[in-house]
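The chains carry the letters A, B, C and D, assigned in the order they are written, with residues numbered from 1 in each.
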């Protein structure tokens, strides 16, 4: 799978690292906003993986069509910001290059653009693109459907300077019918990011907890999405769209294990 | 639902309390091993709920058929021990009274008896009959099926004097392909009971944790089972048999929530 | 130690049970508000421990001086309500009977009464009389003094119906300089009570967590206090007053263990 | 404070980053084993902070005395391996340069060398040099001294490939009288490092939990130690030696807060 990466900042860099380590993928190029020369071991590694050509370009100096002519890709992974879409969106859709965007929020006009692009190519947008968070959200929803009377509380913990309630916690809350104002947000030190859903029953408690260890989780999630989208028709997808079929398919395979244990 | 309860010990008593509080159920009688007179507020409450007749009997003084003639029931809930089955089993099966047994382990010959009885009436056996633990087990199995490469660790915590690894932890381990010897058992003070499954990914961790608050959880689980079994054909069931259809049915209803959040 | 217990409600009863189990103590009497006859296994047990005399009295029928004349005690443990104090306070102080009150909050005029009584006898008041919570509070305060720059967050979890922020959490918050409005309160199912203090450092997190298992913890705390007060002069004390000398004394005995490990 | 750093590997590099960010410190040089040229943003940053001179040297090409003549330091911080000591030890002691070693374990002959060097200069050795872990160890010891009857369990969690029980957990176990074989070790995914001490009481549980967020914690601990040692006489110290006086001093300042809360 040939990948173009949009964004080379705090999250884009570990994502590049994850792509470089993946055997089935090839990081064709990185496009970034800054005109500063990119140096350092990660830039070196990207250069080496491309036979000595630096493949880190600045958006303002490199038209997207020229870039895609020189170095075609199967998928563009976007960890930049709201504006990245206007750089690559139209060209990617025209060429049927899949789009995976992890931009944390888009104004509604950009969401309209996503929808339009998705008529020509598969587009996935997930503001919380880690596999673990999305598995947790779906498992929590499933538990709530089965035990609708349980009380639900949501706690999220992040580093001191993070402003506002985390977007991921908002999505969890919305999906479980919890008011955004009822989310409990802790801010302390350098906590990377933790989300916990507490189900309270009269005589027992069930907790689902997701702890982020490092931002490489985003790269792993984006690669998972890029691969799964290979067989999909054009359309607008979320991580949940990719995972729900697995939930259904595997739920069908669930087996009682008890008697196996005892016999 | 008319209920007969077998067992009036440390767990049987809170189960009786839970049944008395349930609007849809009626505790017809309690059968116990000890010949000591039962006194105290719980015995009083059982008496009051039956128009002033004490309905707590001792197995050795009360033949099961006489008991079922006087006070017929729809289901027998068994929190006694291995021997309870030989008291009520044959009579219950003959009369098509449903059986819910929460006895924590049966020798294989008793398991054979369960299977035989189950040709005549629905029989459920669950050594860990709480709703929460079984939901957790199924959710953990589902996550593992979807993310089979994640590392899995199991931790259980119980009160100081609990001997051996908890049966529930063994069932969790077996279902997830973890060796029984790899379960981590903590014993400290008066902890009622905690089970945690840790899924380790390279850059993130997902934890499922079940905490028992009080033994009433067993009564809630038994009532849930007794009600669900109302529509079932004769056969041998576990809690998981009752819950898996809910998992499948609800997994089908899972919906991506993302765009709803943002629009 | 001869003990009189004031209050025989939801918390008073398990406290009575704890006192009955303590080898060094003797439950001389219980005084309660309700005129209903007390029955049940706990009442039986109290009766048996006093050679067959029921020793559960109703405040309105039993003048405190008559009670103390018949059955003198060394300490009165109060788990009743605000009003208990007016029943026994003056008589206890006059007879130099120690007072341990676990009433959760007193209006300021009752606090004045406590102060006055404490000129004649040792009086301890603690709205959160468990040993564990008080140890946690002191340890958290000590850590904050040593690492004053760490961020601090406080989370408390209780059963669904508990109203308002827990008093214990308020005391923790006040002691650590956290605003009461910044406490995060979760309400779910039947959680008995959990308090967690999170210290956030840039690259690490330290958590202190207290989990209540059962209300017997209050009895254990009250007995601990009653015994420690045996050697104290009249005065007004808190649990912290009893524990701080232990902190100081034991902090002096702290030893570096490293070289012992390696040699 | 002028600092020389020994070791520029997986832990040494984030330590260098922490030193560069500290206002009161100056990273004079780094000594490393590898002869490969050091490049990348961190090397650039070290160069810039020293007016354009690269200050990363290879041990085999740079005699320690020449290095200390050119660029004198107040303290050497060692995150290399067992062998680092033979490079800088004797020269540092002769020049009264303080030594802070975070090497995770030393054979006994190297421990003897440490002792000898410490007759000339203050030497601190801590295989677990984070502030948080050491605070947790001391707090746990203090709680155990005050509540010696509580059950104690120790759990440590680390990334999948970590071999053996963590050294830190061993030190915790030793200090609390827990057998090394009773430590519960979890290995899952990429968990940076978690240590938990569980105190079990009959009716309550107290947990102390330390979670490592990133290896910068080691740098913070080393800087803390280097600064505290400024006023110390020659001798062999551990992190606990530096922290215990704070524990004693602050324990003396502990205040009951109750009545302040209520008045």
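By our rule, a residue touches a chain if its C-beta (ideal position, glycine included) is under 8 Å from a C-beta of that chain, and two chains touch if they have at least 3 such contacts.
A quick note: this is a predicted structure, and the numbers were derived from the prediction, not measured.
Looking at B-C alongside A-B, one finds more C-beta pairs in contact between the chains of A-B. Averaged C-alpha coordinates put the centre of chain A at 49 Å from the centre of chain C. Between chain B and chain C, the centres computed from C-alpha atoms are 36 Å apart. Centre-to-centre, using mean CA coordinates, chain A is 39 Å away from chain B. Residues of chain C found to touch two or more other chains are 189-191, 199, 201-205, 213-214. If you sketch which chains touch which, every chain touches every other chain without exception. Within the complex formed with chain B, the residues of chain D that make contact are 150-153, 155, 157, 159-160, 184-191, 198-205. Against chain D, in their complex, chain A makes its touches with residues 39-41, 44, 189-192, 213-214.
Within the complex formed with chain C, the residues of chain D that make contact are 105-106, 108, 111, 125-127, 130-133, 135-136, 138-139, 141-143, 145-147, 170-171, 174-175, 199, 201-217, 220, 236, 238, 240-241, 243-244, 246-248, 250-263.
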